[in-house]
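Take a look at the structures below.
What follows is chain A paired twice: with chain B in the first complex and chain C in the second.
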Partner chain A sequence: MKILRLEYLKLRKKTRSWLGPILVFWLIMLAYPLTVEFLQDKLEIGFFSVLWIAILISMMLATEDIFIEDYNDGSLEQIMIKNSSFQFLVSMRIVIYWLMIGVPISGLSFFFSLGTTEEIFLSLSIFPLALISSYIFLNLFVLGNALSLNKGSLLGALVTMPLALPVLIVLGKSVISIQLGINFLEFILLLLGCLSIIMIIVPVIVSYIIKAHLE
Partner chain B sequence: MNTSLIINAENIAYKVNDFKLFHNLSFTVEKGEALHVQGANGSGKSTLLRIILGITNQTKGKIEINSEKGISYLGHKNALKNYLSLEDNILLMELDDHLDLLKYIDLLGLKKLLEVNVANLSYGQQKKLALLRLFLNESDLIVLDEPFVGLDDNTQEILSNFLKDQLNKNKGIIYTSHISCSLESKILLLK
Partner chain C sequence: MIKKFIHQFASPKTYLFQVNRFYPYIFYISLIIYTFSLIWGLLFTPQDFVQGNSFRIIYLHVPASFLSQSLYVAMAFASITYLVWRVKLAAYLIIAIAPVGAMTTFVALISGSLWGIPTWGTWWQWDARITSTLILFIMYLGLISLHNSFSNYEKADKLLSWLVIVGAVNIPIIKKSVDWWSTLHQSASITLTDKPSIDPSMFYPLIGSIIGFFGLIICLVLISSKHQILIREKTKSWIKDYV
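Our next item is the complex of A and B:
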């Protein structure tokens, strides 16, 4: 629990790192109605596409400086010397980023969905989808960031972006399943299954990549 | 490996692309002994320390480290968070519950700066904070890369005395320094 507390302390004090992605998400969702007619039917057509893409972009921004600071100031070397588990550190850092950025964004997703569709069941169903998808995107972009640790985060994001595409497809299908009232739980289970694999594999791969960068 | 040895390096070589930084380097560090690695800029001193730390792998040769209580390291980078206060950085270093913490904070003159952000400190003050990690670590091998750079005379003396004390406690020290210090050491010259 101590590592969680310390990771929380670091992220909390870096206001730009956690507030920035939430504000970007909020701005995208606020800007969306301005680009289409204010009729509810028209708004609903593209709303969920914009929602998932906004979560994707926010998570990409959230991971921008997730390792670079530790790499530049020598903290990663100290962690390596202490023989602390890199894998565990990466997992805990992703958890904290998700709790401070992914969870509030998922909460906002519920409210934006409710405001747009005025359907409580649909909006309540969107909340777990946003929670799971934000965690998956976070893991994918962490992997990208580790790959391009000393070459800028944009390159890493471009490399891992294709991995997010199947998740976006599943999210689109999930919304249709909620609206039609069929198989919604199966989609949640599918995403949870993907997440359970990703959240184990990504920290292992990332820890090897970081060690290779340090060398 | 002989139990009195903390480091036993045999025929270490390191190559960057086709450039041999050093080769056939053999040395030992015994308990209670200091090794001063000397050489011109770019001769591979820091790389050698990184090999000892296990961060970088040597191209050839064998290196054995016998440090049950781990290694403490002070390098060019201080591993401090600029946006956090001294107090928070001490928390991050996990030194907050160390019995001697207040003693060393006092000794290094950091007491009045505890609430100040590291970004607002001078390089020397930041280095003093990084020294806390060294002073409060109980590892049996100390690795230092230019530890005296940026420190005033008084702090240099504190550091020298600390290192002498560590040698008396049978710890091993390996360091690079272009600033002369009064620590009795073996010399390893990299050409």
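Our next item is the complex of A and C:
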């Protein structure tokens, strides 16, 4: 709990780190209607694709400086020496980032979906999908950033982005299943299953990767 | 015991000498098998009832697709070997396999596109099998970029190994994509458990082409790994004697 609180305070101080991705998400979703005609059916065609990609990009931006400051000022090294469970710290940091960035974005996704489709059930179904997908993307980009810790986040995004693409495919299929009223819960369970594996494995791998950087 | 075995037989020096010993045999045997299978498949196999002559691209497409995934699996095994037993040769093999894997995946994508024009009426479809293979290709490029971005080889090897292991999740997705999603791409004609759905007159040259292509790609990996060893072990005294 102490670590969670500490991580929360650290992120809260870095306004740009948590507010920036939310604003970028907001801007992408606002820009979308401007690129197509303001007709309901026209807007609905590409809305969900833009939504998932906006979440993906926001999560990529959110993890941009997740470790770099601590790495540069040497506190990452100190944390690693002091803290026996570094992976726990990594997972707590991901949780805080998700709570402060992923959850608001998921909430916004609901409102944007409601505004575009005017379907409450569809929008309510989008909310858990956005919650789960934002957590998965966050984990993947944290992995990428750990890999390219001192080489810039672009390289990290390049190497982990392909892993996010199967999730995008599943999200696309989920929306179709919601619209057709079939198997929606199975998609949620599939994503939750992936998430449960990712949220255990990624912090462990990230801690090993950071150790490799610090050695 | 496994550790002792690996360390004894996987030293770069022993490996290099063994490669030099076996390379010509592998190369010539594979070349003969592939050429023979290709001639058999292209000239002596009857036309397909539906696809006509265009099906003959399978003698390139299927081996390339098979190898693109197999090479990634080999990289994943090498990564585990490197991270668990710290075998240097395994790290050299990972980065030696990556460009060859990228090349075979590219060949699989291109040959698939060329095959798609007469059979599907389009050279590209965003179907699950093709997209997941494209992801594999991007993964290979990402791995190469990641490794090249570090001047410290040891660090690069460790990071690369972790990424290869994580990226291995894409392999079952590619393999099962035709079963999990309704795709334009056909499901597997050859499986280990069932009788092949392909006619024997096409099946035997296909098996030959897979074996021959496999051997030729192994030769490329061997050359690439030799190159890696020469770069990475250049300060060692035995390399000076070798060169």
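Just so it is clear, the second predicted complex is superposed on the first by the 213 of 215 C-alpha atoms of A that agree within 3 Å, B and C clash if a C-alpha of one lies under 4 Å from a C-alpha of the other, contacts with A are read in each partner's own complex, and residues count from 1 in each chain.
Please note the rule applied: a contact is a pair of C-beta atoms (placed from the backbone, for glycine too) under 8 Å apart; a residue touches a chain by one contact, two chains touch by 3 or more.
Not measured: the values here are computed from a predicted model.
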First (chain B), second (chain C), both or neither touched by A:Lys14: first
First (chain B), second (chain C), both or neither touched by A:Leu124: neither
Partner chain in contact with A:Ala31 - chain B first, chain C second, else both or neither: neither
First, second, both or neither for A:Lys151, with chain B first and chain C second: second
Touched partner set for A:Leu4, first chain B, second chain C, both or neither: neither
Contacts of A:Leu163 with chain B and chain C, given as first, second, both or neither: second
Partner chain in contact with A:Ile182 - chain B first, chain C second, else both or neither: neither
Chain B versus chain C as contact partner of A:Ala212, first or second or both or neither: second
Set of chain A residues, in rising order, touched by both chain B and chain C: 215
Of all residues in chain B, those that touch chain A in their complex: 53-57, 70-73, 75-84, 88, 91-92, 94, 133
Chain B partner contacts - residues on chain A that touch it in the complex: 2, 6, 9-10, 13-14, 69, 72-75, 77-78, 80-83, 214-215
Parts of chain A lying in touch with chain C, wherever the complex brings them together: 143, 147-148, 151, 155, 158-163, 165-166, 169, 173, 201, 205, 208-209, 212-213, 215
Chain A partner contacts - residues on chain C that touch it in the complex: 128, 131-132, 135-136, 138-139, 142-143, 145-146, 149-150, 155, 158-159, 162-163, 165-167, 169-170, 173, 181
